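Listed below are the structures to be examined.
Each of the two complexes below includes chain A, the first together with chain B, the second together with chain C.
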Partner chain A sequence: MAVVLINDKPVDIGNERLNLVQAAAKAGVFIPHYCWHPALSVVASCRMCLVEVGDKKPDGTVAMQPRVVPACQTPAKDGTVCITNSEKAKFSQARTLEGLLLNHPLDCPVCDKAGECMLQDYSYRFGKAQSRMIDPKNRPANKPDIGEHLSLFTDRCIMCSRCVRFTREISGSAELQVINRGHHSEIDIFPGDPVNNPLAGNVVDLCPVGALANKEFLYKQRVWFLKSQKSVCAGCSTGCSIHIDHNKDIVYRIRPRENPQAQGYFICDEGRFDFPYINGKERFDRPLVKPAGERSEPAESAVAWETALPDIRDVLKKSASALAAVVSPMLTVEEAYLFAKLIKGFSPQATLYLGWVPNVGKDESFPRDRKGNPVGPVQFTIRAEKCPNRRGVEEVLKHFQGEVLGFDRLIADISSPLPTGGEGAGVRRRPQALYLTAGYPPRLGAWLNDEQTKTLSTIPLLIVQDLAPTPITQTARYVLPAATFAEKDGCFVNHANLAQQIRWAVRPGTMGRTDGQIFLSLLGRRGLIQATKIRQELAAEIPFFAPLAVGDLGEFGVKLG
Partner chain B sequence: MPDFEPILLRRINAGASPALDAYRADGGYRALTKALTEMTPAQVVDVVKNSGLRGRGGAGFPCGVKWTFLPPNHPGPIYLCVNADESEPCTFNNRILMDKDPHQVLEGILLACYATKASVAYIYIRYEYGTAYRSMQKAIDEAYGANLLGKNILGKEFSLDVYLHRGAGAYICGEETGLIESLEGKRGWPRIKPPFPAVEGAFRKPTVVNNIETLACVTHVVNRGADWFKTIGIPPDPKNPRDAGSYGSKLYCISGHVNKPCCVELPLGISVRELVDKHGGGVWKNRKAKGCIPGGISMGLMTEAEFDTPLDFNGPGKVGCLGLGTAAVTIFDDTTSIVDVLYNICRFFAHESCGQCTPCREGTGWMMKMLDRIRQGHGRMEDLDILDEVAKSIGIMPGTTICGLADGAGWPVKNAIAKFRPELEGYIRGGQKTSMSLAVVH
Partner chain C sequence: MPIAESEVRWVKAPTLGLLDRLYIPAIIEGLGTTIKHIFQPPVTQQFPEERPDLPANYRGLHRLNRDTEGRVKCVACYMCSTACPAHCIDIVAAPAPAEWKDREKYPEMFVIDELRCIYCGMCEQACPCDAIELTSMFDLTGLTREEMMFDKEKLLSVFDQTAGTEKDPIRTKAGALSCASEPAK
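The block that comes next holds the complex of A and B.
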């Protein structure tokens, strides 16, 4: 047990090994800092976090050190006294800020970071309003091609070296470095070696100022127009916690959200940059129906939900005993549950298959050196399994069917001599009707080959729920629009059985509905879907999901299994 | 005082050959033989500790005490980094020692490594020192040939390898942890402490960093004993409990506006006046001195009136200077503009700041810009106050930086404002332009 005094206020930090920035945060005192970041090594060079420090002796007297010290480099121990608001501490912080602004262009009106810039915020809180330097500022040239997605506004840099340390300590690729000395120091790359590693985008979030900019976001929105939603990336089975920054139903930016249980502090570039499809023009936003018997012609027509859903319900009911459904690992647990319930509700013989599980390449762990070899303890992993919820869907399927049948099994079953009808529990039927959910991001490409598409089109009744047109939607009798992760509530279970909550940020088109809403309506349940209620329902029903009974899974999610 | 008999410069002043044979003929490597045959490493440490020998590289830390900071019973390797970066302006004594009597230095290195159980010594040598590099390399080669380096030196249990490593021309690589980073192949950015090098230094192993001159002294301390060493120099000031004394001799460098720039060896405690008048041949062109830089520019400025200050570890501080530094005295005459002196100094530090710490990176650049403006006749009175504030707020003493470069950058500025304010004010008031033209290094 260790008690630290922050501005005379005692805080018990227990056995935690904290620095004074962290200990002060526990006491509700914010110590400004730039170079320190919990995921990176301590360099204590920006000197933004200067405070006065002393020791409280057992006899109650306090011995203060004569000089200010960086809080980020000072361990919090029992009896440590830390003063952040004395004249001396405040003077030191203000002087550091004055130094940082000397050569800063102060071009906030045209800077992307304005509004979420630590230089703005600290200057306001801890700095002085007026610069005392009348001499010309240094004007180093900008480096717009420092990375495929990155632009460096060199003159805005405050030399905190976070970006450099990130590429050395987390990605391992070490593209960034400091060149020159003194006040001419600059961030740079080796000529012809831009920052294009798979984690490169993180340096933009790490950059406390507007020096490193995300070219995909640059000049698209002022940040104060953005609203932010806490969610989870659907890009791979790591399930990184993210912020979805959006405005007026358009997603503008995806940023990592700290989650010690999931991925830590960062996200990969695929997750960060692969969202424009959410705003894509080609997305379905209403049901499409084709007259029976004309399935090869693209003579589909849009129908109102009010007509389409009862129709679909009817046709499904008719094919109940030879009904199959593909449950996509892009669906949330709640959606998979409702879907399974719907399908099994038609007939216990209806068969559920796990949707296609995209696997691309191998898991990529970081840091790794420039030859791709791992170095040091793993800091981040991009998983080969490019879907967010295989684990969750599998558990739902196990519950409803006792086993998980893969997508290949479906293809085999369609072409096999299984019986097509009749009674008898536990006997799989050759599907006569198929309800297929997909929702894969277009980056993954065509996931059905021609052969598979052909096999699926032999099924008399095909209902496909997907984001945008593909060969299989063209042969389907009914097409229902699917929703992306940014448009729905629910939870995903990642590779390590961590259930995390996703929350809707934008709406799925003016006419769109989420997958869960569709299943709910098909189940004949009234009203709008409430993911939390469904979650509690399935938690009560499926033992694996019992911990989800809490409903709200919090910021970091809930461990299952 | 009778003329002092030089110790470190004895052979050099006599024009003796730097070769191994000649060094041995003059009694060289006797200290090593004595240590290896008669003394344990701990005894060598004790002798050096008892001698009161303090580091000659600038900080004046007691040498033997520093050695005791190594973790006891460490499985090794332990390293010695020999600081031969010598980049403090106007300092050139390490060069003379390496150029002209490399084996004296090498013997000190061997003794230090024996005492600290270091198995490898890296000599980090300033790039510009071409002759010293070649001379040291030759001495190392000779030593390997004579079983004075390598395995089982002189048939004893002690082995040592010595490598010469050339710097690339950065002042900051003379700072001990900047040196270590640079040695490891990284950017010369000083490290935060703790851990101190003695605990985690080069290649994350315990490391001692010592200056060339300090190590040369070690040779003689071991040879002639602690008591002998203490007969030279100045004992601790009894009124100052923190003074560890200034024993031994020092290689004083004299340069600037004197008739005879030179390097002389004298007992610690000589005054600037005596150095200039007796050894530097007086101020040049029959002029008077305006002041001096007493120990490398990091130590601040002295006025002519302060020239009687003894140059020992305690003296310069009494007149507001940072310390003894490298004891390299640079005189400027009374026609020199203090603005030019300051501008030149600030330009140096702005150029040499490694750029890590905000206060140093921005402060040194700003001070240079202000002085550049002042020397061009556009100074404002308030610039002096800003300069003073900046100078006093950067450095490890106020606590705002990682290394001492910033203290050194601020000290001459704050000294100048305290000691030469009327001149500076007059300059600004008169809108005077400087007489000197200096190519601005940006």
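The block that comes next holds the complex of A and C.
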């Protein structure tokens, strides 16, 4: 048990190995820092965290060190005394800031970081308002092509070297380095070797100033217009915690959210940059119906929800005995539960299949060197399974059906000589009606090949719930709009059985409804979907999900199983 | 914060005497004022034949200033639209054209809804580069709402019309802060 004195306030830090920045945070004292980041090595190069440090001797006397030291580099141990609010400490911090601002161009009005810039924030809190610099500032040229998604505004850099350490320690690709010396130091790449590693976007979040910018977001919005929603990335089965930054129902940016249970501090570029489809113009936003008997006719007419849903309910009821449904792993646990309940409610003979589980390549672990070989302990993994909720949907299917039938099985069943009717549960039948949920992001490409599409279109009644037009929606009798992860509430279960809550940030189009809302209406339940209520309901019904009974899963999620 | 009882002063309405209650002295006094003005020169301004002489700090129609090279001076920082209490300024920013060496960002689109604007002048105060100013032009008319959405070209043309005239806004004295009020090319 170690007790540290922060500004005369004792804090018990237990057996944790902390530095003074972290120990002070435990005491509720904020020590400003730029170069220090919990996931990166300590360099103590920015000197922003200068504090007075001393030792409390066993006899009660305190011996202070004569000079200020960087808090990020000083380990907190029993009896360490740290003073952050003395004149000396405050003076050191203010002078450090003045030094960092010597060559900073102060172009905040045109800088994308303005509003979330640590240089701005600290200037208000710890700095002094005026610069005594009278000489012309260094103005190194900008490097707009430092990476595919990255632009470097070299003159704004304060040389904290977080980005350099990130590419060396987390991604392992080591594209970035510091060139030149002293006040002429710059971040740069080797000529012709841009920062294009799969985690490159993180350097933008790491950059405490506006030096590294995300080209996809550059000049799109000022950050103070953005509203942020805590959610979970639907890009792969890692289930990284994210912030969805949005304004007026448009998603502008996705940023990582720290979650020690899921992924740590970072996200991959795939998750970061693959959101424009959410704002896509081509997405469905109302039900489309084709007149019966005219299946080859491509023209579909949009109908109101009020007529489409009872219609669908009726046709599903009619073909209940030979009904099949595909539960997409893009659905939340709550939606999968409602969907399974709906389908099994029509007839216990109805069959549920797990939707297509996209697997692209292999799991990629970082850090790895330039040849792709792993170096050191794994810091981040991009998984090959490009859907967020296979585990959750599987558990729901297991509960309702006892087994999980894959998508290949559905294709096989359709083309097999199974009976189409007859009594008896447990006997699979050739589906005569299919309710297919999809909702895969367009990045994954056409997920049904021509043959599969052809097989599926032999089914007399096909209902497809998808984001945007695809070959299968062309042949479907009913098309219902699906919602993306940014539009719905619910939870995803990641590869390690961690259930994390997603929260809606934007609305699914003017007429759109979320998948859960559609299932709820089809079930004949009234009102708007309340994911928390449904979650508690399924937690009571399915033992695997029992820990979800808490309702709100908090920021970091709840472990299952 | 509630007001302390000691700071409150109660005022009673004056009690009316007999003359006050007759109202006749008050009527005579009012008629006197009317009659007095018959013999004085009229003060009514015959608008629109006569134009008012407005002070140079009048808050009327906006203009977007040009820099010395005739380019739009605005750097699309969104300070005006952030400050705007009526949310009437709509900007779309873009990277500046490559030949503009001194700029990284410029407004691709800059629209002020002059019908929604309340002419408070906060945009002018918020602007860090004196690119937006309010002129003393006040009698805006339009046949449609769209016509009153002033876009970048329209706002720049207001600058071309007003720059260098005696009605130049006085907020930025030419040369003191920057080159806001330099005559247009």
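In this text, the second predicted complex is superposed on the first by the 561 of 561 C-alpha atoms of A that agree within 3 Å, B and C clash if a C-alpha of one lies under 4 Å from a C-alpha of the other, contacts with A are read in each partner's own complex, and residues count from 1 in each chain.
Here is the rule we go by: contacts are C-beta pairs under 8 Å (C-beta built on N, C-alpha and C of every residue); 3 or more make two chains touch, one makes a residue touch a chain.
Everything quoted here is computed from the prediction, not taken from an experiment.
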{"item": "When chain B and chain C are modelled together on chain A, clash or fit", "value": "fit"}
{"item": "Greater residue coverage of chain A in the superposed arrangement, chain B or chain C", "value": "B"}
{"item": "Partner chain(s) touched by A:Lys248 [first = chain B, second = chain C, both, neither]", "value": "neither"}
{"item": "First, second, both or neither for A:Met48, with chain B first and chain C second", "value": "first"}
{"item": "Touching partner for A:Arg67 - first (chain B), second (chain C), both, neither", "value": "first"}
{"item": "Which of chain B and chain C A:Lys362 touches, first, second, both or neither", "value": "neither"}
{"item": "From chain A, separation angle of chain B and chain C (C-alpha centres, steps of 10 degrees)", "value": "90"}
{"item": "Touching partner for A:Trp224 - first (chain B), second (chain C), both, neither", "value": "second"}
{"item": "Touched partner set for A:Arg95, first chain B, second chain C, both or neither", "value": "first"}
{"item": "Chain B versus chain C - smallest C-alpha distance in the overlay, whole Å", "value": "23"}
{"item": "Chain B and chain C contact sites that coincide on chain A, given as residue numbers", "value": "none"}
{"item": "Complex contacts: residues of chain B adjacent to chain A", "value": "170, 172, 187, 192, 350-359, 361-366, 369-370, 372-373, 386, 393, 396-402, 442"}
{"item": "Residue numbers on chain A that touch chain B, as the complex places them", "value": "42-48, 50, 65, 67-69, 73, 91-92, 95-96, 99-100, 102-103, 132-136, 138, 158-159, 161, 177-178, 180-185"}
{"item": "Chain A - residues contacting chain C, complex", "value": "107-110, 114, 142, 153, 218-220, 222, 224-225"}
{"item": "Interfacial residue positions of chain C with respect to chain A in the complex", "value": "75-79, 82, 93-95, 103-105, 128-129"}
